[in-house]
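Multiple structures are listed underneath, in structure tokens.
Consider the two complexes below, in which chain A is the common component and chain B and chain C are the respective partners.
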Partner chain A sequence: MLRAAFITRQVPHGSSLARETQDAILATSALTEDLSVFFIGDGVYQLVSKQKPQGIACRDFAPTFGLFELYDIENVYVCVDSLIERGMDDIELIIDAERLSQSEINQCIRQHAIILNF
Partner chain B sequence: MLHIIKSSPFSKSTFIDSLAYFNDGDALLFIQDAVVMTASQHKYAKILQDLLPKISVYTLTEDLDARGLKCILGQQVSYLEFVNLTVSHSQIQTWN
Partner chain C sequence: MSKPVTIAVLVTGPAYGSQDALSAYHYAKSAIELGHTIQRVFFYNDGVLNGSTLTSPAADEFDLYQAWLMLAREHKFDLDICSGAALRRGVIDQREADKAGKVNFNLELPFQLTGLGQLAESIVTADRVIQF
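What follows is the complex of A and B.
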């Protein structure tokens, strides 16, 4: 089975891309269990807990990351360098993603045959 | 002049590009993904801090709340205050 990596780099709610990436990850999980998700760059903002996007008429999709475990998506990583660069390394994340450095994530991505970067 | 900035400084160079066009007395309003500018300490927030108080800094509350973020720099404004800012400034430019 080919391993697939999903890389997500968008701040949530400014566009629908972050939400649609989550949809794509959940849909793909039906086809393979060998799937990894990497939150890098501005993508780390997607993991901030207690988002209230109802005020700007967006769907609160962050709690849905909690479904990853149920869908057997266990390889979920967040870039600690991205968190530090944004002054966000001490904030509460909505899921318990593994914290990896930029270079560790780079290494990890290279172990996947399919790489989808959003 | 009121400058409205809409993009994250980490993903696009909008904020850096706009820097040279700020004059004393201007106001900056961060909306949409640009609310990350005032939500935590980082290199762009530091640049912004150095502009205070010659430049007024505002961030839209609804966009902060949407992302679970809190404003630590300048003032938070509601949609209504956003409208008031656009009325009280004769010149406005939006930086995409």
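What follows is the complex of A and C.
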């Protein structure tokens, strides 16, 4: 079994969940490479480029996704169905996430012993 | 009776306002009664509010703060409050309050401010990580 799956489903700035999930992922990557990240539902909005959240007094944590590659966080997936639903399937995302369908994501998540859902 | 496992409990809801923390507490208590070990309870997101000493339930309502205190003391597990999440939400211990120039503080042992490293450690080592 794979170890840890982090599922992130929230828009980047409507609540602190998305940013705090990113922090938890980075902290966990310091102890293990056996982790996967799934951007599903509204979570795909976190991957939109050229965000300017300073305008709403929020922290721009999008650039910090750049640390995923540096920290060897390789198993990063984005739900294609969620992108299509939101009219985002042809835009450039800020990180190199593997595009999977909803059912492929479900199957992949099931392979993990620990599933955290934010 | 299943084989005893070590369980880390992740709490993301406050002491009052949603059911997450209450469910987490009852789950932890039941797991202990069944012979399992609570490795730690980690409070993240709004769950950090569980650590506030200022929580004041009505006299005839459940005191979850006291309940966590007693369960943790009796069964010797840590009540870890994520520091960054806590400070941003107004939950702060004496040391951080002094550093920040605050007159008051509202976090004391056995609740303690920690980093996300404790959550990471549980993710890597616990048999189960159960999220509420």
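Here is the rule we use: the second predicted complex is superposed on the first by the 116 of 118 C-alpha atoms of A that agree within 3 Å, B and C clash if a C-alpha of one lies under 4 Å from a C-alpha of the other, contacts with A are read in each partner's own complex, and residues count from 1 in each chain.
Everything below uses one rule, namely that contacts are C-beta pairs under 8 Å (C-beta built on N, C-alpha and C of every residue); 3 or more make two chains touch, one makes a residue touch a chain.
Source: prediction; values computed, not measured.
Chemist: Look at A:72 in the shared chain and tell me whether it touches chain B only, chain C only, both, or neither; answer first, second, both or neither.
Modeler: neither
Chemist: Between chain B and chain C, pick out the one touching the greater number of residues of chain A.
Modeler: B
Chemist: Quick check on the superposed pair: does A:45 touch chain B, chain C, both, or neither? Answer first, second, both or neither.
Modeler: Only chain B is touched by A:45; chain C is not.
Chemist: Looking at the overlay, what does A:114 touch: chain B (first), chain C (second), both, or neither?
Modeler: So A:114 only meets chain C here.
Chemist: Answer with first, second, both or neither: which of chain B and chain C does A:17 touch in the superposed model?
Modeler: After superposing on A, A:17 lies in contact with chain C but is clear of chain B.
Chemist: Tell me which partner A:33 touches in the superposition: chain B (first), chain C (second), both or neither.
Modeler: Touch partners of A:33: none, neither chain B nor chain C.
Chemist: Would you tell me which residues of chain A are touching chain C in their complex?
Modeler: 3-4, 16-17, 20, 23-24, 27-28, 30-32, 35, 114, 116-118
Chemist: Hey, which residues of chain C end up touching chain A in the complex?
Modeler: Touching chain A: residues 10, 12, 44-45, 84-85, 88, 115-117, 119-121, 123-124, 128-129, 131 of chain C.
Chemist: Using the touch definition up top, name the residues of chain A that touch chain B in the complex.
Modeler: Counting only chain A, the residues touching chain B are 9-14, 41-42, 45, 48-56, 58, 62, 85-88, 91.
Chemist: Which of the residues in chain B come into contact with chain A in the complex?
Modeler: Residues 6-8, 10-11, 32-33, 36, 40-43, 45, 62-63, 65-69 of chain B touch chain A in their complex.
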